[in-house]
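For clarity, chains are labelled A, B, C, D, E and F in written order, and residue numbers in each chain start from 1.
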Amino acid sequence: MMKLEEVTQALLQDYQKGRTIDTTVSDGRPTRAASEELLQKLRIILFPGFYREESYGSLEAYVSLLVAEVHFRLEAILLPLLPGQRERCEEICLGLLQDIPRIRQLLQLDLQAFLAGDPAVTTEAEIISAYPGYYAITVYRLANALHRLGTPVLPRLFSEIAHSSTGIDIHPGAQIGPSFFIDHGTGVVIGETTTIGSGVKIYQGVTLGAISTRGGQSLRGKKRHPTIEDGVTVYAGASILGGDTVIGAGAVIGGNAFVTRSVPAGTTVLGTQPTL
Amino acid sequence: MMKLEEVTQALLQDYQKGRTIDTTVSDGRPTRAASEELLQKLRIILFPGFYREESYGSLEAYVSLLVAEVHFRLEAILLPLLPGQRERCEEICLGLLQDIPRIRQLLQLDLQAFLAGDPAVTTEAEIISAYPGYYAITVYRLANALHRLGTPVLPRLFSEIAHSSTGIDIHPGAQIGPSFFIDHGTGVVIGETTTIGSGVKIYQGVTLGAISTRGGQSLRGKKRHPTIEDGVTVYAGASILGGDTVIGAGAVIGGNAFVTRSVPAGTTVLGTQPTL
Amino acid sequence: MMKLEEVTQALLQDYQKGRTIDTTVSDGRPTRAASEELLQKLRIILFPGFYREESYGSLEAYVSLLVAEVHFRLEAILLPLLPGQRERCEEICLGLLQDIPRIRQLLQLDLQAFLAGDPAVTTEAEIISAYPGYYAITVYRLANALHRLGTPVLPRLFSEIAHSSTGIDIHPGAQIGPSFFIDHGTGVVIGETTTIGSGVKIYQGVTLGAISTRGGQSLRGKKRHPTIEDGVTVYAGASILGGDTVIGAGAVIGGNAFVTRSVPAGTTVLGTQPTL
Amino acid sequence: MMKLEEVTQALLQDYQKGRTIDTTVSDGRPTRAASEELLQKLRIILFPGFYREESYGSLEAYVSLLVAEVHFRLEAILLPLLPGQRERCEEICLGLLQDIPRIRQLLQLDLQAFLAGDPAVTTEAEIISAYPGYYAITVYRLANALHRLGTPVLPRLFSEIAHSSTGIDIHPGAQIGPSFFIDHGTGVVIGETTTIGSGVKIYQGVTLGAISTRGGQSLRGKKRHPTIEDGVTVYAGASILGGDTVIGAGAVIGGNAFVTRSVPAGTTVLGTQPTL
Amino acid sequence: MMKLEEVTQALLQDYQKGRTIDTTVSDGRPTRAASEELLQKLRIILFPGFYREESYGSLEAYVSLLVAEVHFRLEAILLPLLPGQRERCEEICLGLLQDIPRIRQLLQLDLQAFLAGDPAVTTEAEIISAYPGYYAITVYRLANALHRLGTPVLPRLFSEIAHSSTGIDIHPGAQIGPSFFIDHGTGVVIGETTTIGSGVKIYQGVTLGAISTRGGQSLRGKKRHPTIEDGVTVYAGASILGGDTVIGAGAVIGGNAFVTRSVPAGTTVLGTQPTL
Amino acid sequence: MMKLEEVTQALLQDYQKGRTIDTTVSDGRPTRAASEELLQKLRIILFPGFYREESYGSLEAYVSLLVAEVHFRLEAILLPLLPGQRERCEEICLGLLQDIPRIRQLLQLDLQAFLAGDPAVTTEAEIISAYPGYYAITVYRLANALHRLGTPVLPRLFSEIAHSSTGIDIHPGAQIGPSFFIDHGTGVVIGETTTIGSGVKIYQGVTLGAISTRGGQSLRGKKRHPTIEDGVTVYAGASILGGDTVIGAGAVIGGNAFVTRSVPAGTTVLGTQPTL
């Protein structure tokens, strides 16, 4: 058993090699649990009717509490990430809370798109409580709002929470218009500089990605992901890649298609386009 | 800070816009946690040997408790969904419990299919405890049994629980024969009106879907998803779409194939079929 | 209600049919919860800086505790799996703990590959805390170390934990070289006998699989999955199948490609190769 | 095992005997857990410095949250107790919150009395965090404030929470002046109609009780418990009984004394007074 | 830090000294948590109306579940205590469940005694949910029923659970008649061979004990504690000691009295009796 | 509802009054939960056989873990209490761990005293797991060891944990010899400067206290509590007060006695001594 002591000493030496991996004190980023709790409170503010029991007392007391909780938890997450910038933290907190009505209006339109898009739906409550695509869009709309307010770290943690429970990975920096519909959704990837118009519909396994990222950090900030115009449909497993690739309004991209060049409005694309 | 009060008032007004999203009291659907607990109890009834310790006392006491728990929890979930229909709730509860031996027989056949299908398997216990495909089929068989008993809401919640932990999305309404095998499974989608025969084998990323759902609610109830006959194999990433599409017995659909027309028995299909 | 008693009796009879499914006492395999707790402790040993607060007291006390916890929990998991083989259990416990510095060195190289590969990354801490691909590789490196020590059951449980939260399924028996990068990752499958070189990069939905497994248990132990040489890139949705398939160094496999034959070094492959 | 069904039927019949004990649905009183959570929040409002970490963000956000939580939780407890009396519930909620500064002023005086009274004390923080007597007085001051606002049920539940963790039983209806000190405290009983002045000091095992309660419900509301004037000391185990019993200012009641008649100011009483 | 290893070795040696304290493996007695959970289920069976919400579904399903839970949990506790005596365990389980109606009838009479005894009571629900004396009697009646069935260990654990939350210590072997009332209760001790008649009333700090126990294990099983006849009242802090001491019907024992000889029926005793 | 904002502002002002009660940030003392967890680990080290299951793996791994846990948790509690005194913290940690064999030897003797003292005991395991007196002595022996090492705050928190669950309040500074027996125990108080010899036996409700503490902080550190010599018995409810009061070896103090002057060895005292 003396070997355990030796293991400990070996590890202590290993932590002193000065590599990136050798940090031994947390950098202040929130835990997964703290991020999930905040996200859950925000979802309740967005859809109070899907959590609030008749027995809870007045709606006003409930909403006051939710607002105070979001403010407290978000501030507690932000202060270690923005040390010394108390005012900026406060701006982000209020900014997000004031943005909720705008986000709810978008989510209402998304809800209608889901209802129109899936014949298997029976009620709107079913979409909100059980559709992974709708959950992922909800989280994206919150993460995107935080991203626009310049919030560090947290938007990405939000999108990873949605990613791990739905298999849908939407970068908070993507710009997605109203009435967006993702069906089933597992394996969907939407990159950081993607632009999506209104009324777009995509299925499971669709990638809206970059052509190659061997360029690494030098590409940071450049438009690397496609533009999808209004009313486009992208079937399961299709990949649309590249920052200059524009899928014109109303186009249909077939299942498993591999698209790296622009597609005119109204066109249907099947299979793989000729060159990488 | 007075701004928090203003945020609260702004939200209270926003909730009064009369949109679908503006419900402020829950409609009685069970929470995710309640559904998960029931599902967990049902899995223990299906596979008591994977949960029961030697030290638990008699098998009979254990099973009596499980049966009483499933009855109590399921009834508590059903009553708010079927208000005033106490007898129908009771029928569903008993119906499901009486259906367990039939479900277990199917799961035994599925277990043998997994064992035959995956050379990496070492024991059957490994399949039950660690194979996501087997977990998803287990949940489907329960959800389908509930669906056949006319249970509202709950079958869909069950399938979403499996979907979020496995990436496999099987609609409770699909009809799936014995000895079904899903390997790896992430990204598998099986739609509501799909029919699957005996001894079928599918891999990750396979879609058994509808051709287009822009038709929305008007298509509700129609056969929109394919028929897969006995002994078919569908490789990773293939999409088979459409209610009239029949994949004949013993056919093999290659990886990433995109199939929207029927395939004769015994045929092998590679890549994309010519037209959408 | 007397019917509940009948249900219980029916189940008790059903459990006596002598099928594989009819076990009624656990075989000693660890619960999911026990496996997850051990895995979590191991991740903290690998990356102490991502969990340890400044307020925790000395690093040495923290590491001593982690080492003792891993030893205790791992031993408690192993003893029922290897009954009567106390020395072998001890060898595995110490073997894993002594292997941590080697694993950490590989994870440092993987970290650099992620940083180089994704322009959207802002800090290394972000990769460790929020990238599902990096999480899956971390769990794989631990599971593989346990697999090499001859540990039964547990390596597979570890890989399923990662699979269910990331959609990335890496068999513990696969051999994966340094500087491995998986982007997004949902739907990635890497089979048991896969060999992967250094600096390989793969995207979501990629399968490194077997051509057919209807052969079942007779194929057990044979090389059934491909070899991927140094510096290969495999784009989203591609399938590379077969134990004789070798993707030569620096080759690029296009999105949704379906590859069942070897590809020379430096080549680019698009779409489906002609025959199954 | 069929006997379990018989047990169930026997119980169902037993519940139908129409006795007080035969209620089968809860009357809306809060659970112990709900009462404890509310009490805990109130203690944090009283002593924020004993719970709040430096890292929690602004004091204002913290206090806003606590106020909203107390309001929400208290309202949720009151509504089922006062059905249809929404306004009265709101009055109690606000009444209690507005009364906090008065309660805190009394608790500050009590704190000074504890510091003066116990040579073993080292810091005031020790009193607040570890002295059961101080905890019991804190809970009493809250329970009494609720009692004065006419709150049903809850004040008594609060006093029982303190009773079970400290062995000190103070009825919420007792009137207790400032600078009250209870040392050790186990076994202290202070009845409903007791009046206590300023600067009183009592030890463990002291009863301030009624002479006899065989009169039962007929005595309800009458003054049955003693009056203790300013500056009195009551040593361990003493009993002072009766609604007409007045212990004059500055009197000292010896340990285990049994007092049923008034005691003049400044007197010392030892042992048992002659008649019951 | 090497010192920690030395501490471990020192402890391992210390555990090998062969003293009673040196056991290193549990003897199968239930954990506190397991005992508390069983006790809680039993309390719900006794008073279903104090736990059951309107929304829980049918009373029958609820009671069936409770009966099955009590059976399962009690059996799991008994089997390690009575190894190899499966039938005796079953007898105790059924015996207790069949005894519930008798226990409930006693508890109904106790409830009436509390209502008659305390003018501060407002409703019977208050007694059941908030009176420590009533809680202690409830637990005693269950512990006594188990004791009469010859159950080892568990009755004493039940009485300690009540003791630690109420300060009332009633040995499961005591015999207590109907309509028993304990007011406040902290510090009450009722010894193993005590006999109490009907309609007895005792207050906090009362001891019904043995004269001296320096005799230790030689006294085991002998009547060492007093007999209290019908309708006796014992005020706070009184001690009544000795197996031959009989307090005659209707007698009143004054507060802090110390009684070691019998007291005739109808008498009132004040203070200390002359000799030990 | 705007009133909630006003309540918040009123509280924020109230916290600025500069009173002792107006601290708004914690002073670093451990939470109750942290103290309880440490205490629980220490109890397991003292009595491993009452917690350790056969299935836990080797005793050595278990003890190594416990030692590392105690070290880590104790250090984490001490560092904020002794800021900048890392070495002193380490001394206390090691000091306590090295003191465990001495403490266990005392607890073995106490165990024998309990066995000899209570005819109702059936096994020693029963004493360790269910006797509140033995629990309180165990906690005292740990708290006293910490007190002797000069540990701030924590010893008092330990004694309050025992006090609130047993009603027995033993100051960590008291000096208590071997073979100590407390029967039932509720209401026992043992003051800071008490000295107790070997083989002493006390019952519930006994106070070993100070005569008067109106002297307050000026008495701090002086001997204020009695000396109890070897083999003394103190019956229920007796009070022995004063720093000069010595109860000679073998004396017996009767129930409810009130003693403020020394008692010769071998004497029996009944009732109240004549003067205060």
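In this section, a contact is a pair of C-beta atoms (placed from the backbone, for glycine too) under 8 Å apart; a residue touches a chain by one contact, two chains touch by 3 or more.
Here the structure is a predicted model, which means the values were calculated and not measured.
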Can you tell me which chain lies farthest from chain E, using the average of the Cα atoms as each chain's centre?
A
From the listed A-B, B-E or A-D, the one duplicating A-C with over half its contact pairs the same is A-B
Is the contact between chain A and chain B built from the same residue numbers on each copy (over half shared) or from different ones (under half shared)?
different
To bring chain B onto chain E by a C-alpha fit, how many degrees must it turn, rounded to the nearest 5?
180
So the centre of each chain is just the mean of its C-alpha atoms; given that, what is the distance between chain E and chain F in Å?
25
Averaged over CA atoms, how far is the centre of chain C from the centre of chain F? Could you give it in whole Å?
50
Do you know which chain C residues sit against two or more other chains?
1, 4-5, 8, 60-61, 64, 67-68, 71, 167, 186-187, 205, 237, 256, 271
Inside the complex, what are the residues of chain E that reach chain F?
3-5, 7-8, 10-12, 14-15, 19-27, 29, 32, 152-153, 156-157, 160, 163-164, 167, 169, 171, 173, 186-187, 189, 191-192, 205, 207, 209-210, 212-222, 224, 237, 239, 241, 256-258, 271-272, 274-276
Chain B contacts chain E in the complex at 55-58, 61-62, 64-65, 67-69, 71-72, 75-76, 79-80, 86, 89
Which residues of chain E touch chain D once you look at their complex with the stated criterion?
45-54, 59-60, 63-64, 67-68, 71, 94, 97-98, 100-101, 104, 107-108, 111-112, 115-122, 124-126, 129-132, 165-167, 183-184, 186-187, 201, 203-205, 233, 235-237, 252, 254-256, 268, 270-271
